[in-house]
Amino acid sequence: MKRFKPFTIALFVASLVFAPLFLNTYQVDVLNSIGLYTLLALSLNLILGEAGLFNMGHAAFYAIGAYTSAILNTRYQIPILWTLPLSGLIAGLFALVVARPVVHLRGDYLLIVTIGVGEIVRIALVNDVFGLTGGANGIFSISRPKLLGFTIRQPQEFHYLIWGFVALTIFLFIRLKQSRFGRALNYLREDEVAAEGIGIDTNYYKLAVFGLGAAWAGMAGTLFAAKMTIVSPESFSFWESVMLFMIVILGGAGSITGIVVAAFLVIGLPELFREFAGARMLVFGLVMMVMMVVRPQGLLPARSQQLSPTLLKESNR
Amino acid sequence: MEEFIQQLTNGLAVGGIYALIALGYTMVYGVLKLINFAHGDLFTYGAYLGLTLLTSLALTDRLGFTLGMVVLVLMVMGLVAVLGAILERAAYRPLRESPRLSAVVSALGASIFLQNALMLIYGARFQVYPDNILPTATLNIFGLYLPLMRVLIVLASVLMMIVLYVFIQKTRIGTAIRAAAIDQGAARLMGIDVNRVILMVFLLGPALGGIAGLMVGLYYGQVNFTMGWVYGMKAFTAAILGGIGNIPGAMVGGLLLGVIEALGAAYLSIAWKDAIAFCVLILILIIRPTGLLGERVADKI
Amino acid sequence: MKKRLLILVAALGLALGGGVAQAAETVKIGLMAPLTGSWASEGQGMKNIVALLAEQQNAKGGALGKPIEVITEDDGGDPRTASLAAQRLTTKGVVAVVGTYGSSVTEASQAIYDEAKIPQIANGSTAIRLTEKGFKHFFRTAPRDDEQGRMAAQTIGKLGFKKVAILHDSTSYAKGLADEANALLKKQGVDVVFFDALTPKESDYTAILTKLKGANPDVVLFTGYYPEAGQLLRQKKGMNWKTPFIGGDATNNADLVKIAGKEAAEGFYFLSPPQPQDLDTPEAKAFLTDYQKKYNELPPSIWAVLAGDGFRVAVAGIAGAKSTDGDKVADYLHTRLKNYSGLSGPISFDAKGDREGDVYRVYKVDAEGKFVLQKL
Amino acid sequence: MNSFSANDGDRELPLLALQGLTKTFGGLTAVKDVSFTVEKGAIVGLIGPNGAGKTTVFNLITGNYQSDRGQIIFADQLLNGLRTHRIIMRGLARTFQNIRLFHQLTALENVLAGCHYRMRGGIIASMLRFPTQQHEEQAAADCAWRELEFVGLGQYGWIAAKNLSYGDQRRLEIARALATQPRLLILDEPAGGMNEQETKALIGLIGQIQERGITILLIEHDMRLVMQVCEKLVVLEYGSKIAEGSPDQVRCDSKVIEAYLGAEDEA
């Protein structure tokens, strides 16, 4: 927290809090999109950035969360926000089941397997698996979320729901990072053999982090379903996983502030480049390349000190 | 049975193309441990360049079919190879000492760039190769319909793979490539110019990918700026299936993936075809974690 | 570095805000189209046609005496981007929106326009449910899937085929049409011997064709899009397989014949709203000439032409309502616009916003690769 | 365990016993029928020419490899088949021949890894920062600082491991292993790459570790170190044990002399 001074953070939070007062609905909606991707990227960061497990199929977990909420809401009329924990749970369980036989695979092999899982999930959704997902149409007419008797409808209202959840996530994830669990993930990333050789159950942590990251992506899926009121397979294509992957690496794997900034760039830039019309993705691709070449460690690489403030005191000994 | 064999040949024809593209992934990976996500787009450039050269230079009219084709193939190979080398220079070389995943993101950015550049140059519509460039004879062997060109495509891809294999195994530069793939540092100490090896790999892989693009264009007739994603992903899957970094592995993986897809479509479900292929891939990796022909490296502790 | 980043992010925010220009001297009509992504060719066709029509309308005095300004936003062919595009258009003060291509993409934008009381006239969105939600401001110039399904079943019946294979591509449009046709054909007593989906955007469909051939149908109904249809026809010929194919309206694209080759495309039937060249209204003829003069090609597909109709309808609605107020324009379009002479035939809207009347025709590809209107 | 505590004072009781350990890779037998014991509180050296299979023996003990035959008994319990982290939890700890630190992380975080398995805090406790979890973190940090100071790296807690000198990295690895509070510490070439001064300090450190009641098994090529600190030596050649005994006994063993003369330059 030394590097990003409290003042900068306060300024950032304040501008987000007051943004809906100054921005039009389109701009707020862009911010909402960024918020959603920040959430997803933070959840992927646990797996990819903190634990170093190559995952390019994160959209699968996001999709499962979104579809769980959509199905529960449209079939059983469960209020959409109530489905949040359940979406997380189901996405997390799904991740545990699929990751169990494959987590031992090395880097690039794991990468293709996660791509495969992402594609299998998408194909299953398209083919209306178990008659639940509505095929390529997806599921529509999801009801608007209600919070304390207030129906959330406008982008301005979603803004607070989404960014509130982002804030909560960052709060919890920083604490997680500064704990035994968070450190275990880093040991895993740095050297798996040494981690196992120092008493860390590497298989357990690999699975646990897949489960946790997936559960969080699943909850982001609930927010997505609530915001769009329609979920369809297009929204969970391989491309989404690629975008999330780019956000995490561009931000600097393991760096929460870096990821927030990268989400602004990766989701915000294509909107900004709307002026370029047909060339907007061309410019976007070029910018991605240049940014990576200029900052190979990511925009704001994670520092190695990730201890809670109570431990910092020890340095005075 | 007849249908089975027909499907098998269908699979092999598609698999041959996958294998050619997979070679590019596997060679780059072998030396740089980098997944070149832009490789699929180089394949697309091969298809588009072939189209442009064919229509603007009218090679087959001027030089006759055989000579024209040979010149066309060489030109496409050369141009795509140069493009590959430029890509290496611009997007990967600056990141050689960086974390591996940074180069992956750079590759993804390059892929987006290349794809959209093509869209802006040629437009978003499907581009169509001129009709009747290739002979359209269909062989009828024991009731199997085998278009002549399909047979030739499979033969051509197998031939190119053999040439590449011999090149890698027998020539000096091939040996250097193999050495660099095993240990770059040691290869450098042995006096091998690793930069040259990498350049070579980025010339060879794209050249093969370019030919694959040209063959797809010539045979299937239509090309589209997004086709590289589909083929690229399939070829990458094939390379992993065979054991990435391993050249015969890419060939086996490519052909096998084509066959799995064809048989999966024929006997299980067409709609689930890609999911079936991925399931088979995952099962194979569970049993053999480094692919079919990948070396099983024990942990050096 | 962090300062520079901060500035970058701030600049991003400012730039996003900077796009709003305030000028009341023009009537702004939005066009939401896939300018990038998989359906970029449709989107670019839509943009060309609307640009041409706007130019012509402005030469005739625009709308309500003011020039028309077309504001185009890219929806990328993806629902999330579409919802952003829709939000952006609503903030730019458009009075009506044309577009877009793809039902689920359109769906992601419907509620946004409806809440903003901006009439939306979709062109390439045929899913039934779009008009079943009671949105007052939603219209479409495209016919619905159920109508096309009915037409497909009817045509197969009239052509006397007894064993049908149905192939779709898992997109919501193609699957909807396939389901619709499947149900109706079964009711008619036609044997559906095959029903499955291919994976779009691939090049090699021989595995699927081999399987189809094994099912031995009299005719194959393919409800997907033209690139795959062209490829299927081409490879079907390579296999020496003669069974005819029928396509849905998404195969109506000039590139179909180019992809398949004339020989392979010959004899292919497809259903479609009439093409401009088959309409004898002066509007259609004039449009066609002008389009060819400006862009030196035929319109890429009927969907782009339907976007043109959407634009013309929007202009007619504003003129008829004598207002740019969304509610008034929508009312006018629902109740008073009758048999408006569109490029694709007469246009009237029902209470749901669907196009009234029998829109579909049957076409067959002749030996020259021309699309010939069939009288059945 | 209880059988062990009953004889706590008995130095001759084996803490670790290998019986007939055999491991082959492909066609190559890396370890062949090796048996020896490590008595509680002792410092035992495992020596032999390069490629004799010493590190393989270590990897078999810590479960990185599974033996084809033979038994590994630690404190009267069989270790065969257990996963590495389980073995560590039984009270073994090791260092690696090619230093395997968590290079990007600080020295302190490296040592905290050793405390990991004794801690309980899970995902939820960590996210919500329960008081018990905080206490635990604090206790672990205290322990880690103690170990850092024990190996003489107290002032480097905040330095990333990759920025430490080679000798310090070796010490850090020892501190990390000590943080697991082992009964048996296995050191794989602890003096490798150290200069004379650093080696001297290391010898002192090994003595201090022994004073803490920790048994030590080590591989080392530096014969001065071995002869100075070890109470017992086991000699391997081509995967087989060729000698075992006190340093003086081994020094005079004809087979050992032969093995080392044949490969003197490697020692």
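All chains are identified by letter, namely A, B, C and D, in their written order; residue positions are counted from 1 within each chain.
The definition used in the following text is that a residue touches a chain if its C-beta (ideal position, glycine included) is under 8 Å from a C-beta of that chain, and two chains touch if they have at least 3 such contacts.
No experiment lies behind these values; they were computed from the predicted model shown.
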Item to check | Chain whose mean Cα position lies farthest from chain A | outcome: D
Next on the checklist: Taking each chain's centre as the mean of its C-alpha atoms, which one lies nearest the mean of all protein C-alpha atoms here?
Outcome noted: A
Item to check | Where chain C and chain D are represented by their mean Cα positions, the distance between them in whole Å | outcome: 71
Item to check | Between chain D and chain A, distance of the C-alpha-averaged centres to the nearest whole Å | outcome: 41
Checklist entry - Rounded to the nearest whole Å, what is the centre-to-centre distance of chain A and chain C, using the mean of the C-alpha atoms as each centre? => result 34
Checklist outcome for this item: For the pair chain B and chain D, the C-alpha centroid-to-centroid distance in angstrom is 48
Item to check | Touching two or more other chains - residues of chain A | outcome: 126-127, 193, 278, 281
Next on the checklist: Going by the contact rule already set, what residues in chain C reach two or more other chains?
Outcome noted: 36, 40, 44, 170, 197
Next on the checklist: If I count partner chains per residue in chain B, which residues reach a count of at least 2?
Outcome noted: 116, 119, 124, 271, 274, 299, 301
Next on the checklist: Show me the residue ranges of chain C that touch chain B in the complex, using the header's touch definition.
Outcome noted: 36, 38, 40-41, 43-44, 170, 196-199, 201-204, 206-208, 210-211, 214, 227, 230-231, 234, 238-240, 255, 258-262, 300
Next on the checklist: For a test of understanding, state which residues of chain B touch chain A in their complex under the given definition.
Outcome noted: 29, 35, 90-91, 94-95, 97-106, 108-117, 119-120, 124, 233, 236-237, 240, 244, 271-272, 274-275, 278-279, 281-282, 285-286, 289-291, 299, 301
Checklist outcome for this item: Touching chain B in the complex, chain A uses residues 48, 54, 101-102, 104-109, 111-113, 115-117, 119-120, 123-124, 126-127, 193, 238, 242, 245-246, 249-250, 253, 278-279, 281-282, 284-293, 296-298
Checklist outcome for this item: As the complex stands, chain C meets chain A at residues 1-2, 5-6, 8-9, 12-13, 15-17, 19-20, 35-36, 40, 44, 72-74, 78-80, 83-84, 87-91, 103-105, 107-108, 111, 115, 127, 129, 133, 170-172, 174-176, 197
Item to check | Residues of chain A defined as touching chain C within the complex | outcome: 3-4, 8, 15, 22-30, 33, 126-127, 135-138, 140-141, 153, 155, 228-230, 232, 234-235, 237, 261, 264-265, 268-269, 271-272, 274-275, 277-278, 280-281, 295, 299-300
